[in-house]
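Note that the chains are named A, B, C, D and E in the order they appear, and that numbering of residues resets to 1 at the start of each chain.
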Amino acid sequence: METDELLINMGPVHPSTHGVLRFKLRMDGEIIKECTPVLGYLHRGTEKLGEMKTYLQFIPYTDRLDYVSAFPNNYVFVKAVEELAGIEVPLRAEYIRVITMELNRIVNHLVSIGSLLMDLGAATMIMWGFRERENALQLFEKLCGARMTFNYIKPGGVREDIPEGFIPQLNEFLKDMEKRIEDYEQLINSNEIFLMRMKNIGVISAQEAVNYGMTGPTLRGSGVDYDLRRYEPYSIYPDLDFKVCSRPEGDSYARYIVRIDEMKESLHILRQVVDTMPEGKIVSNPKYGIAPMTGTPSAVSTYFPRIFTPPAGEVYSRIEAPKGELGFYVVSDGTTKPYRVKIRSPSFCNLTAIPKMVVGLKIPDLIAAFGTIDVVLGDVDR
Amino acid sequence: MIANAYELIVYILTLLGVYEPVLNIFQLLGIEYVLKIIIVLVEIGILFVFVLLTVMFLTWMERKVVAMVQARYGPMVTGPRGLLQPVMDGIKLIGKEDIVPAKADRWVFTLAPFIVFIPALLVFIPLPFGQSLIISDLRVGLLYIIAISAVSPIAILLAGWASNNKYSLMGAMRAVAQDISYTIPLALAAIAVVMFTGSLSTVDIVNAQNGTWFGVIPRWFIFLQPLGFILFLIASIAEMGRIPFDFQESESELVAGFFTEYSGMKFAMFFLAEYAHLFSVSGIIVMLFLGGWALPILPFVPAALVQLVSLGVFLVKTYAVIFFAMWLRDTVPRVRIDQLLNIGWKIMIPLALLNLLVTGFLITAGVF
Amino acid sequence: MNPAEELKQKLPAAVVSTGMQLNKPMAVIKKEELLNAAKKVKEMGFDHLSVITGTDYNDHFEVVYNFFSYEKKQNLVLKVITDHDNPEVDSLTSLWKGADWLERETYDLVGIKFTGHPNLIRILLPDGWVGHPLRKDYDMNTEQFVTMGEGGEDVVSTDGGNLLRRK
Amino acid sequence: MDPVTIDTTKIKTVKKKPVTALEKLEDTGLISTVLAAREREGLILFSTVDQIFNWARLSSLWPVTSGLACCAIEMMAVAMAHHDIARFGMEIFRASPRQADLMFVAGTVTKRMAPRVKQLYEMMPEPKWVIAVGSCASTGGPYHESYAVLKGVDLIIPVDVYIPGCPPRPEAWLYGVIQLREKIKNEGYGAKWGLNK
Amino acid sequence: MAWISKNWAMGGIIKGLIVTLKHVLHIGNRPTVTVQYPYERMKLSPRFRGLHAVDENACIGCGICEVNCPNGTIQIVKYNTKWYPQVHMGMCLFCGICVDVCPMNAMKMTGNYELADYTRESLVYGPDRLLFNKEVKQ
């Protein structure tokens, strides 16, 4: 019998491509023979805009790269600038930054797991995930006045100090979250249909994962026990006790479990940070050292110069964002604006492996594998 | 004894003292068959309205159950607790533009929703809603039900093919594969019940379940056929096309499955058919395994109320099954199409055959 | 030992100079020797290619490669300097598959050609886009519009007439 | 487009819970149309159709699932437990534009995406509405200087309601939805089809 | 048979069903969390960055906010013989930089997020709608 290959365009407007990604699929019946992701439907030219804005003006734009977890984006750009200009950061500011980043990791994984389950057809998990996310977002709003796009971390510190009532609310959230993670595990982890859909799907070996440049939970799901927080420590992570979660299987289920474990680990970190939080200043001034003032609304505006010129040079700074290794390559020519900003986004590099992972699978498997890679299109296309 | 809804209507009219004079008039004119037709039409009208109202209520219920599981309210603004929501959806869909894609096969494209919708109504004919609330007690009622529900794959295939859309076609192919592979265990599980009753008539099946063992346990077939019940339940959820088996409309994979290209009223007909199907299949489950309208306390109910009570019993049981289907939908993800077929062919059919074998053996051995 | 110095010892012909990119050891590599140097770098255990990026310095381009070693926990930066008129360097896709998209992106936005790349086409911008946006001489004033052609492919033109509702 | 002109100053938000029957009717969306019908003389029957259809339309706006960028995450948040757009009967996000009435343009419309957004809009059956959510969709917002971003989605498709915010918090979003309901309430039947005088 | 009992005992599904049933019946501190927006609102943080407000007396019209705005949202316009900022809400990022940089602390951001409107032009908030001692919305 004569058969013909079926060409399918998934996306860019498709319910399960997490935004505007498009897959060109060459199918043999229901089997995927070749998968070509087509990117760029959300390419907004952030890197070019970086050259047109001053350092302080560019910080809000970093929020909008990976909009599910904006704090790490914020932080890594600021970290690059701080390294470039040699700004020292007060300890309390670092603690606040770690709180925000770890909370954001939980939020990110909630969204990631939720949308994975929604793609698989179970709408309940995403509702529950967003319910807890909303509590976290209320914390964010309390802290910085916005829910998703914060513009909170500034070179030399943070924009405002922790408000009253923040820590008790955070503690409540942590207590609540533990129970809720149990719920999720009970709902999903041993569900036979879920296991059928996830086990041995989208397998990628450790060696291949490294070769493709995958990072984050996707890499740790393949058994590479690697986390920048541990091996290239930044901020106050050297002082904290946490374990790096990894699973050897390298399939979709392993990546999912790694995310659940990481949420628990983040709760552990947050508890430590809250317990050992020091008093002190929240912002330092590159010219005058640590500013003699804390907690007032416009601390940054008073003690951080509006016009800010780091010395000429280049830096590649990276951290462990929820999705993987997030890096900013910033070149300064000594003026008020960066000469070049390059964003090494984890989603972009993790997505490289998708064509390899899904060959021989079916469309539903593509969705399952793609969901566990946890891609945000703002981060891919920039 | 009143056998079906027609006789019930005649009985009620006689009680009211209306039937005799009207019949006399018609007999005078020599067209008494017209009266019969009118009564049948009234019957069908009542059924139609009932199905429509049920479907509307079901969509509302579905949204409310989902909302409860997900810690929210569901429709609230339109009408009290959002009860008017499905009505509004219906009116809106009537007012929508009706698009036929340029490359679609117009005739088949328009025909398909009707072919889906009409069998969904026809299934209700031999379904006993109460002691004598049945449109017609066909002697082969069960066979009729299985045969009628086999029509819908054809319509789905027509709809998917006529849309001229890859997603539609794939959705249709999947739906058909699924329907075929699950009709067999469905029928096999039902046959085991028929072996007890020795009749395909739905009335006989329910009557066989009327009464108790030891005065306590109701004589429902679920206790005789637990495996058969589970198989029938799973197969009928697949037949209804609901999560975890909703391949006709697997939203995250195929946009909206075979009715991706449908809009307005035609889409509404698919929607109606889906929920009518949900109700009828739940009713069939109740009829086959949960005793239909039968309840041990029914003999103690005063004769005047027995129709109403039996209807109530049937509805409560049916809604319990429907609630289970909705509850399951909110809990589990969707299985993959090949896994679905694997389960159907490799597990369900052997199990159904085994069930049949054991049942036959036990009946022959005279255990029951 | 500083991996950049190590590389210089092993391949003295390829390394022009060594230095630091702030706190990471950096080696400037000759354009022709890049593939050899990369092979050597991979042998040295740098298995993670973190980022590839290009920068336009008006008179020349710099292509920067950041490597990381999972075993040694070390960083290494390679830098290649090309001329401005015809920027071309060797592709590293044969060594790191992750380099594929990073090189395509650099080609797309900065306009550096990677010889030996199996599929060097634009990745973020549609085919047919004029200019490479991250070059300093990119024309920001001419608006380019994308419309849909046959089969869902993108067609780029400066005329958005059939896309826009009103001028 | 634009057969309907609405005096924006007259529209007020519903702030307190409706108590009387009249207030409840107003809340569900019927009463304003009744008043409007009284004002239009000689069109009583037609206006009754108006009322019912408008009520139906504003009560069952099914959005099309088309998240573009940051705002799409807030769109999910709007549909989720805390804000629950289902209260307005809008939780049925249809993946197929053929069955949708409303499009949330939630996020940056890049030049590459613009023809697809336009196509999506054209695939929707009449009557249809568009809400531009967030700065990016309204005017290009943060990215309006960028080479790759369209400066506002209203350049390619007609927009009914703009919701500023970057991204707007879900309550702002719901406020926008209420504004759209107000607008539909005051539309004549067939306004979207150009039948209105 | 072993395979069936391993994969099809359905223990996991039953566990999941129990969890969801708990939610339906509200067992174990799992209430409905919905905030019914038009009638009730979430508690807003005092730091929330919503619509701008300009102190009529403090603002000197220096234009520092205009210069520092990342994407040119703010324009200084003449109003009542003085110069005040005018904000295009349809373009604003709500980043708060204008508040940070204001030398006179005249720029504030209020908790007003109900800004949806029917036309693009009406998103431009002139001084008449931004200044303090005037009502923001009628």
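Note that a contact is a pair of C-beta atoms (placed from the backbone, for glycine too) under 8 Å apart; a residue touches a chain by one contact, two chains touch by 3 or more.
Predicted model only: the values in this text are computed from it and were never measured.
In terms of the stated touch criterion, the partners common to chain A and chain B are D, E, listed by label. Any chain that touches chain B and also touches chain C is listed here: A, D.
Using the average of C-alpha coordinates as each chain's centre, C ends up farthest from chain D. The chain with its Cα centroid farthest from the Cα centroid of chain E is B.
With centres set at the average Cα position, the gap from chain A to chain C is 24 Å. Averaging Cα coordinates per chain places chain A and chain D 32 Å apart. Averaged C-alpha coordinates put the centre of chain C at 44 Å from the centre of chain D.
With touch defined as above, residues shared between interfaces to two or more other chains in chain A number as follows: 14-15, 40, 43, 45, 48, 60-61, 124, 127-128, 131, 134, 149, 187, 191, 193-194, 196.
Among the residues of chain D, those in touch with two or more other chains are 80-82, 84, 87, 95, 112, 116, 142-143, 145, 147-148, 154, 166, 169. Each of the following residues of chain C touches two or more other chains: 125-126, 133, 138.
Under the contact rule stated at the top, the pairs of chains that touch are A-B, A-C, A-D, A-E, B-D, B-E, C-D, D-E.
For chain E in complex with chain B, the residues that touch the partner chain are 4, 8, 13, 16-17, 19-21, 23-24, 30-34, 36. Chain contact summary for the complex, chain C toward chain A: residues 21-24, 47-51, 53, 55-56, 64, 66, 70, 73, 77, 96-102, 105, 109, 122-126, 133-134, 138, 152.
Interface residues of chain B, counted against chain A in their complex, comprise 66, 69-72, 166, 170, 243-244, 246, 250-255, 330-339.
Against chain E, the residues of chain A that register as touching in their complex are 53, 56-61, 124, 131, 134, 138, 141-146, 149, 151, 159-160, 163, 183, 186-196, 298, 300-301, 306. Against chain A, in their complex, chain E makes its touches with residues 7-8, 10-13, 15-16, 18-20, 33, 42-49, 64, 68-70, 93-97, 99-102, 105, 109.
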